[in-house]
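Here come two complexes built around chain A, the first alongside chain B, the second alongside chain C.
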Partner chain A sequence: MNTISTINNVQLISEVFTERLSQLPGGNNVQEIRRKAIEQFTKLGFPLRSNEEYKYSDTSKLFKEGINLAHADDDISKVDFNKYKQKNIDAYHIFLANGELISTESDKIENNKVEVCDLKTAAEKYDKIFNQYYGSSVAKFNDAFAQLNIALASKGLFVYLKDRAKLDKPLFIHNISTGTDNHFFQTHHLIIAETLCSIDIIEDFYSQTNSNQYILNSLAEIFVKEQGIVNYYKLQNENENAIHINTTHAVQDKQSLFDTNTVSLGGKWGRNNLNILMNGINCESHLNGLFVLKGQQHLDNHTLVDHQNPHCESNQLYKGILSDKSSGVFNGKIYVRKDAQKTNAYQSSKSMLLSDDASMNTKPQLEIYADDVKCSHGSSTGQIDTNALFYLRARGLSEDSARKLLMYAFALDVINTVKIEPYRHYLEELIENSLN
Partner chain B sequence: MISINNLKAGIGDKEILKGFNLNVKPGEVHAIMGPNGSGKSTLANVLAGKEDYTVTDGSVTFNGKDLLDMSPEDRAREGLFLAFQYPVEIPGVSNINFLKTCLSEIRAYKGLPPIEAKDFLKMVKEKQALVELQGSLANRSVNEGFSGGEKKRNEIFQMAMLEPSLAILDETDSGLDIDALRIVANGVNKLRDKNRSFVVITHYQRLLDYIVPDFVHVMYNGQIVKSGPKELALELEEKGYDWIKKEEEQVI
Partner chain C sequence: MSDILEEITSSEYKYGFTSNIEMETAPKGLSEDIIRFISQKKNEPDWMLEFRLQAFRKWQTMEEPKHWAHLNYPKIDFQDIIYYAAPKPKKKLNSLDEVDPELLKTFEKLGISLEEQKRLSGVESTIAVDAVIDSVSVKTTFKEVLAEKGIIFCSFSEAVHEHPELVKKYMGSVVPYTDNYYAALNSAVFTDGSFCYIPKGVRCPMELSTYFRINTSGTGQFERTLIIADEGGYASYLEGCTAPSRDENQLHAAVVEIIVHENAEIKYSTVQNWYPGDKDGKGGVYNFVTKRGICFGDNSKLSWTQVETGSAITWKYPSVILKGNNSVGEFYSVAVTNNYQQADTGTKMIHLGSNTRSTIVSKGISAGFSNNSYRGLVRIGKGAKNARNFSQCDSLLMGDKCGAHTFPYIEIKDKSAIVEHEATTSKIGEDQLFYCKQRGLDTEKAVALIVNGYCKEVLNKLPMEFAVEAQKLLAVSLEGSVG
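This part shows the complex of A and B:
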């Protein structure tokens, strides 16, 4: 049954693709990239458990009710954008509804070295750059959702920094989804920081109501050129019906820095692919992630760091707190290629299970082909430390506050890596609430 | 203050406290000594409410209330304090925020408003000085990376902050060098007053040179087998515990 409806969905998607292709942003070679991507997607189909990368996250059940590929832009006028704006965070606030840039609600950036616009505008105004970069980072990433996104995405944000631009405030991208009834849509951000440019990007994901049901397949391609600095913070806080699939793919050129922090609190089912390609020497990257799951939530974090060049460093810390019947996955792959001598690559994944029915699957994968490297990985899954709990209670804390304090402390070292203070405080508050 | 009658408790099927009796009046300092395995730490943990232990018989009345009926946090809120033999390291929880939360919960339990930030800081400063604890330690995570001596000083600092009516010190002297021992003991002595009582559990007499008890009890095999004035501690130091063990075995 599942297989049949999944095949139908794939067919439907490829028909819609043929229909839409001529209107999708991008020149001839982007069209070619899109065609190749849909071909690949059709070949792959929606991943089943038999696919090693989706062993714990069967996607066929997500689509068995069918999908709705129509544009869901009819009720954007009802969205109260102000609700999503964290007013005490001094940033350029940019609003997207279902991937569509809402210029009237978004802050203007008065900086001629920094361009922020939608994909369609970018494909016309910056056709050369758009055609050069769109889809290029993930072309070889053998993931059905990423390929589908490349093929079909028409909406999303284009961020381009040139001439040593340093954006003075964070760029805060608010993604709001209004879709209902299995609305299945693709958003695609293309972010390019040229040589010596730097930017802080915060991206959050919210649902318009606390029940609208949709499937979001989002992708961010991030290019950090020589000596560039990109700090990228992602917060997923959607409603309990939302299905969230995300691929973030960064390509780092030499001496660049890419730090990321992925916080997942909401949604019914989530998948985060975070891929970092170290394409030059002396790159550095920190990958931090935190998830708090409850009810029947499922979240799968997949990271891939590809050390292709010498003298690069990557450092991963992922933590999860799981209660009720929630389930989590951490799969961290590190490649150290033959030429990548003097690599430092570290990975740590820790989770706390608060109920007997919660589960966590962790799989570190290190493939090392160079001989002069420092690599390590560690993972642990445990419960709340009962000795610590008793110690706190013996000082007068209620069991409830003692538990909360320990969970909060567990989560804190991930949050502490957020360098933007008001955003960090915002996260602290959200996490405190989600631990209630 | 506290009245312990015929207390029997253990872990699983193993009975460790075998009919323990003790009465402590306000302002008194009682020392409990005894060889390893006599049940001293079990007593401390049972009184503080550690759930690993099961109480099978007996009663404990604390300031007129049934102590055994209370959760660990309510025992603390009612004024019982246990200085742990092995203070737990809690990464990510700052000492100061932790104490602030404790104080507010204890005050809320007593129907008092939260302490003013200004008064709290003043109190922290005063009490830190009491155990010569550096300010930087108070701002660090609870016990994380503290030396043995710092951990024990931190216990006494917490005690000073929480102002209990009964403090149980579980081998607070273990692992301390002579200087740290003196600092800890000084801290305790400054907190002695006519309304606050102490039960000092120790293996060695040397702590009692600094914290002079009103009574000394010898615990063996889950019971108090001998009680006396402070001089009893000296006698024990001289003769060792074998003397007590032999006496006990003869009785049996």
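This part shows the complex of A and C:
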């Protein structure tokens, strides 16, 4: 019943929603939020190019062959989770298959101030907190995929830190997708760091095989309370058939720090929405991103930093390397509200085109309503600097290795912002391989 | 500081007078009949009427663009506008003696004395002026001097009659009537404007200028300018505009088309000073303009310079299509908004040829309750080898009730392109102010100095005559409005 024809995708999704609603985790007000979200989604429909936010990323093609909303969880048992574990990274490794927490494979966290469980458990055990936070940060985000996620998501991770908890090791979340034939599914993480708590989170996305084809619509809501610190690193390295849609929405209270790094290497079609809302004074956040695209890959990175309060600082650095017939998008918006005086906001996006068939669309935006601010953005697109190339060649490097070295150096600027050393080395290795 | 702000925001619009010139107007509203009326009044050939009607039919199928620009205004009632108004009696003017004295007075008030121009007619390097009041071009000066060189500079209506082959060939070639809502509207109802043709290898000896003025209440102004520089030609063209102060919003929807052939160059400068509305945001001109030029031949160059201080709403993107190899496009802009003004302006640089270069320098200044947006597109087409673009967009905020925004679009489809974009937003630095004040300048003078320095890059690109006017305009609209 759930493989749906294109024309009625939206309508049939809402039918499936009505059918499933009573089983979805969350109390009455979460159900209300879900209902509102599906209403919003039905109104918006899947975004077309006429939607300014999807000007360079047409989604209509993605759903041409229909979608499959049924759970294809039988093959989870076949997954060799060990394969995805980076053994030299000392962390709490947590495994999720299609969003479902695999407790048997995941590390246990022996800390009573830190809770890591799936959404269903959270909705029962921490019902008050779950009901308070679920969907609250993205309710006003006018994006069809985010709204659809809020409405339908039943799986994902709940991470809750209280009483000044500081997790001793990074939390490494491995997302493995097994879906095939347009399996369209939603995962939703809810991460809350209470006052003075701090945590490092690494999240990676892999496909089970080299070719299984699915559409993942993932969402992470992250709440960083007063003086909290959250470092959130994301790596997307799925197979070349995967469609990856992600929304990360962070809400920062005063004097908090949010540091994020998004590395995108895989997938056929990708979209990353990264929204940061500065809900208190003296917040600081860093947004770094790197993408290396080849073949027919398409990736759209959207960032929004909403400076709602004074004395906050944000920093963005996005870099991309595009070859073959790939296409990339960077759309970054800095929004400074009327009261957000003394804001410092910077943004820089740089990309390198290596082929005549590759294309890059950039739209860095500033929307500023406060006068005592320092905001700037810079963007450049070009190719490998011939002077630098000559310099290296004059020192005996072959053209090929000189090029690789320069590209590697270009990418390294972003990788260097990662604070967890073993993970940084792991990324360095991945980048080096993908440039070969 | 607040009293200085008050002083500035209450400063009067000095071109806000009306002239009691007897006018002949069309009835309000828009229909095929009105278009036939306009066409008949202007005694136009059939092909022109056909063009208008086609545009009108297209316009009826189009939707008023609202969703994308950072602007906010009530719906425009297109049936509540007079589409034709001309000074009466309308007969062919051969000498200045025949011009309505009231009209001459108007131009004196505006600071362009046609008589003065006449007297100086023997002298080279002054300005040839085409003055357009409401719907009709009233006088073009220096025509004879220019004709000697083979330069055609006349009103659009005259060109339709005297040079139909040029008008037919080029009109709509850069901005087709299908282009956008206001271009379609303009194509249907445009009443006059300037036409300029620079023949092969001719360097225009003087600045060409058009002065636009909306006078009659309830009228819209729809002028159309067409400039063609044939191979190796050069011209510098200036455009100025004012309107009386009125409580209602007046609509101005112009189209400017420029065609630059091989090795030719056009420099187009605008000082836009339409009535911006009063200090509560009442009245003012809606300025919805489509300006576009094409660098058609190799080694051609087109340069736009604009100083935008007027209009309640500005919606304007002077663009360059860089088709010829080695062609160059430039855009220099200063946009100032005060009170409740809204501006959404910028440029489009479309690179199609090889080794094409473009430069964008945009300076936005917002004060009062205004919103000032830069919106620009840089597109490097596939096969546009070694294209180069540099863009710089700076915004200056004065006061905490205004907004400054930057929306650049950068689309690159060729690996050999090098495209750079920079934007900053800030207020006037305390340290800069302190430095000036400490050397004995009062706040107002210090701000004027800093703002002028901030805009210098753009003002330097203006022809002498305009640079002075522009600097004064900036001083009037902004002196000391920093808190």
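General observations
Please note the rule applied: the second predicted complex is superposed on the first by the 429 of 436 C-alpha atoms of A that agree within 3 Å, B and C clash if a C-alpha of one lies under 4 Å from a C-alpha of the other, contacts with A are read in each partner's own complex, and residues count from 1 in each chain.
Here, a residue touches a chain if its C-beta (ideal position, glycine included) is under 8 Å from a C-beta of that chain, and two chains touch if they have at least 3 such contacts.
Keep in mind it's a predicted model, so treat the numbers as computed, not measured.
In the superposed pair of complexes, A:Asn361 makes contact with chain C only, with no contact to chain B. In the superposition on chain A, contact is made by A:Ser401 with chain B only, not with chain C. Shared-chain residue A:Ala388: touches chain B; no touch with chain C. Contacts of A:Lys338 after superposition on the shared chain: chain C is touched, whereas chain B is not. Contacts of A:Glu52 after superposition: chain C is touched, whereas chain B is not reached. Counting residues of chain A touched by each partner, chain B versus chain C, the larger count belongs to C.
Within the superposed three-chain model, A:Lys374 lies in touch with chain C and out of touch with chain B [touch as defined at top]. With both structures placed on the common chain, the touch criterion links A:Ile67 to neither chain B nor chain C. Of all residues in chain A, those touching chain C in their complex are 52, 56, 338, 341, 353-383. Residue ranges of chain C in contact with chain A, taken from their complex: 67-68, 70, 382-383, 395, 397-427, 483. Within the complex formed with chain B, the residues of chain A that make contact are 385, 387-388, 390-399, 401-402, 405-406, 408-410, 412-413.
Across the complex, chain B meets chain A through its residues 48-51, 71-73, 75-77, 81-82, 84, 87-88, 90-93, 98-99, 101-103, 105-106, 109, 141, 158, 162.
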